[in-house]
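Heads up, the next two complexes both have chain A, just with different partners, chain B and then chain C.
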Partner chain A sequence: MKPYLGLLRMSARRVLAYRMSSVILWIGGATFLAGSLAVWHALLADGDIGGYDWDRMKAYLLVGWATGALGSAYGDWWMANRILDGHVATDLTKPLDYQWARFSEHMGGLATEFIAIAVAATAVMALTDGLPLPGPGQALLFVLSFLMVAPLKFAIAYITTMVCFWTQNFMGVSWAKDAIVTLFSGALIPLALLPAWLAGPASVLPFASITATPAAIFLEQATGWEALRLLAVQAAWVVALWWGARLIWRRALRALTVHGG
Partner chain B sequence: MSLVEARGLTKIFRRPEKDPGLRGALKHLVQRRFKDFRAVDGIDLSIEAGESVAYVGPNGAGKSTTIKLLTGILVPTAGTVSVAGLNPNADRVANARNIGVLFGQRTQLWWDLPVRESLDLLRDMYDLSPAFYKQRLERLDAVLGLGELLPVMSRKLSLGQRMRADLAAALLHQPKIVYLDEPTIGLDIAVKDRVREFLRELRADGTTLMLTTHDLGDIEDVCERIVIIDEGRKIFDGPLAEMKDRFARVRRMHLQLAEVTPLEKLAERLPEVEIVGGESPTEVTITFDRFRYTAGLVIAAVLDVVEVGELHLDEPAIEDVVRKVYAGELLR
Partner chain C sequence: MRRVLRIYRRSLGAHLRAVLEYEADFWILVVAGLLFQVLNLVFLSAVFAHVPALNGWSYPEAVLLAGTFGFINGLGPLFFEGTWRLARRINHGELDYPLVRPVNVPVQVISGGIGMHGFGDVVGGGAMIGWGLANAGIEWTPVKIVGGLVMLVSSATILLSLIVIGNAVSFWVGGPHPVFAMTLIRTADMAKYPITIYGVAVRAAFTVLVPYAFISFFPATWVLDKEHSWIGLLTPLMAAYCVWLARTVFRAGLRRYDSAGH
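Presenting the complex of A and B:
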């Protein structure tokens, strides 16, 4: 346990070592959030769309933005680059489980993100006349489902980076992943607004657990047993992807080629 | 059973075969062709505890691949490896506790944080007690001058400092077996000497050492045994002294003479050596068999004829020996 906590700490310190870069990242993120709020404010001026009024859409966008931001500092590029530049070789000479080690680093990378998300949430509430907040029980369910997003996003990123063992390049893989996750998680627009032929796959893929689930719980669209069912689905995806990643990893090691000495 | 034991160790990589240029690249997209490349081809190797082995061969001979097979990073295509009774790939985590690995061309330090932090993390990884950790740091400070590097951000280290810090990182947990892949690459003479001194001390402590290098100095200073490989196959395995006696007989002395001297006059005094003039008329290069002549004898003979200004001696380089081996001059 100790070495993994050590990795988590180191990863957090690394993110903090680049304060300037973090600040720029968050300014960009804030701009995007402000932009999408402005767009939806204009769209909703003439009335509700798909059951979302301005207040609910505000909350949805904030949750969507926060779940999208989670895990972006220590992203898939860190992991992919270590595979591509061969540093994976040194990682493999350490007495650590590779997946747990990367997971610890991922969690350490969240260090600044919770602060940034809190700042953004406060700003949105202060500047747009508040948000519809869930009751205490529902809020607890929301926190649980929000925390589950971290390991879920890790598992998806980890599996995606392993594609590098075969492709030797991450650019295309990363873009494809970002596009699919953004669309099918509901981060782009609520899944309820998607046409049926897109909503179908979205409902059976793991990505809805990233944004649609926490948002539905926050907006009290899912309460009681339905909320618990969604949490169970999230947890099931975390477990399934975690073990799926282990299977892929075993195959990936066989494909490992470390270039340049 | 030996500490490190490899039998028939083989690693085959699949390489895409592409025709040159954009056309070739496009064609490869449609019609993919691959060729098997045997990086390591049936290597048998036994290393006893406490041995120090130099693993030598030209670029692309399969040295690093062998190290990666022995350390459990790569899965062999065929053959077996056992290190201290463990299969380094299947028992990777357990094996990692026994070994220390340095890849000279890569760092294991955390680039954005002080060296100290990376070492603290390794302390946690190998579960070292505070007392042992302190004692190791002191020892590494004494031999590698680690102390001055501890507070420095890794990315601000010079190459020599980086290598010292990386060596400390690889050896912090006092591993039984140490693999060093080009530990002196790119280092200046002073740092090289320091690193070699450190490796000698390691050997004296009874650590088993395997290093790949292109530098004869590393080998002479540190290793008793040399293994030469080429195209993934082992072509020499034996004591360093034996290899030198057999394949590195020739030394070369470069002289700057005080005045122009006919080469024949020197040749009269030095039968069975090769004497060649240099760029200027007063420069001479004498190539001799070190079993027939000592450097002293050669100089004495030259001094009988003419005063000598400057001189320097080329020791047989490992590359020369390796080159001869490929040329077929070595037949076991």
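Presenting the complex of A and C:
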């Protein structure tokens, strides 16, 4: 346990060492949130769309942005570069489980993210006259489902970076992943508003657990047993992807080529 | 000038050949670029299935606007990708190499790479422009065709200048990643929608402070004959100003460069 906590602390320190970069990146994230709020404000000026009025849409966009921001700044590029540089070879010599080690680093990278999300939530509430808040029980379920997003996004990012064992460049892979996740998680637009041929796959893919599930619980569209069912689906995906990643890792190692030393 | 262009072309060509060596990577990047344009289209079509207009912009008009933005955005990676590697070169002291070569430094920096995802953006954005123009019910005149093309070139010039300015700021900010440029260009994304949806402060900032609105919004309003369309005619002037500014900032930064010690 101790070495993993050490990795977690180190990766948190790394994030804090480049404070200026983090701040500028968060300003970029804030303009994105402001942009989508403005677009929807204009769209909803003439009435509801698919059951979303301005108040609910505000909450939806905030939850969507927060789940999108969680663990996006560091993690995957760091992992991908170690594979591309060949540093992964030295990681393999360490007496640690590779996946747990990367998971610890990923969680350490979240250090500043909760603060930034809190700041953004406060700003949205202050500047747009509040948000519809869920009751205490529902809020607890929301927190659980929000926390589950972190390991879920880790598993997806981890699996994606393993493509680097076969390709020489991570940028395209990372963008293709981002595009797919954005579309099928509901971060682009609530899944209910998608045309049927896209809503169908979205409902069976793991990505809906990233944005659609926390948002549905926050907005009290899913309460009681339905909320618990969604949480169970989230947990199932975390477990499935975690073990799926192990299988892929075993194959990927066979494709590893490191030149020189 | 001819010599500079020739060197630019040859340097970019060398990088293109290098990129094409990795065929799988090439296709992944092209598809990734294309996917983002598809995403824009999915968003607009899903939204316009529920509303007739976005702040007075019909579906084809909004597609035209988003397509123009996507098309111009794709030119950055295709022709100016090397600029994005400036921060890393400064941080590692690698700008020494271009400095000792007897060729214009910005050209060496700008042509120092090529991003094939731009290809996907250009194809996807281009298709959206074509469809938007065909369906927006525009009355074509020779003036409009020539004016539209001039504006497209000017808009591209503005965005490419912004890329140079944003990355040249790395001379002052430090660090191996061009975070300032990333933020500057990411914010430009807000201009893929009609800027009339934003508050007065944002509209003013996007017109005067950082000319995002000239990248797609004002040219499109001119072609579509919308309100205040005359502002679109200022696009070439704005482009000239941006080129001058990019040149000035880059030169000032270069004077500040002090290598990194090896």
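Going forward, the second predicted complex is superposed on the first by the 260 of 261 C-alpha atoms of A that agree within 3 Å, B and C clash if a C-alpha of one lies under 4 Å from a C-alpha of the other, contacts with A are read in each partner's own complex, and residues count from 1 in each chain.
Just so we're on the same page, contacts are C-beta pairs under 8 Å (C-beta built on N, C-alpha and C of every residue); 3 or more make two chains touch, one makes a residue touch a chain.
Model, not experiment: these values are computed from the prediction.
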{"item": "Contacts of A:Asn81 with chain B and chain C, given as first, second, both or neither", "value": "neither"}
{"item": "Superposition-derived comparison: chain B or chain C, residues of chain A touched", "value": "C"}
{"item": "Touching partner for A:Leu198 - first (chain B), second (chain C), both, neither", "value": "second"}
{"item": "Partner chain in contact with A:Pro3 - chain B first, chain C second, else both or neither", "value": "first"}
{"item": "Touching partner for A:Leu96 - first (chain B), second (chain C), both, neither", "value": "first"}
{"item": "Which superposed partner A:Gln221 touches (first chain B, second chain C, both, neither)", "value": "neither"}
{"item": "Chain B versus chain C as contact partner of A:Tyr18, first or second or both or neither", "value": "both"}
{"item": "Which of chain B and chain C A:Thr182 touches, first, second, both or neither", "value": "second"}
{"item": "Shared chain A surface residues [contacts with chain B and with chain C]", "value": "18"}
{"item": "Chain A residues within the chain C interface of the complex", "value": "18, 20-21, 24-25, 27-28, 31-32, 34-35, 38-39, 41-43, 46, 49-50, 166-169, 171-173, 175-176, 179-180, 182-183, 188-189, 193-195, 198"}
{"item": "In the complex, chain B residues that touch chain A", "value": "13, 64, 68, 71-75, 92-94, 96-97, 99, 101, 103, 105-108, 110, 112-113, 117, 120-121, 124-127, 181-182"}
{"item": "Interfacial residue positions of chain A with respect to chain B in the complex", "value": "2-3, 5-7, 10, 13-14, 17-18, 85-90, 92-97, 253-254, 256-258, 260-261"}
{"item": "Residues of chain C that touch chain A when the two form their complex", "value": "22, 24-25, 28-33, 35-36, 38-39, 42-43, 45-47, 49-51, 54-55, 115-117, 173, 175, 177, 179-180, 182-183, 186-187, 189-190, 193, 197-199, 202"}
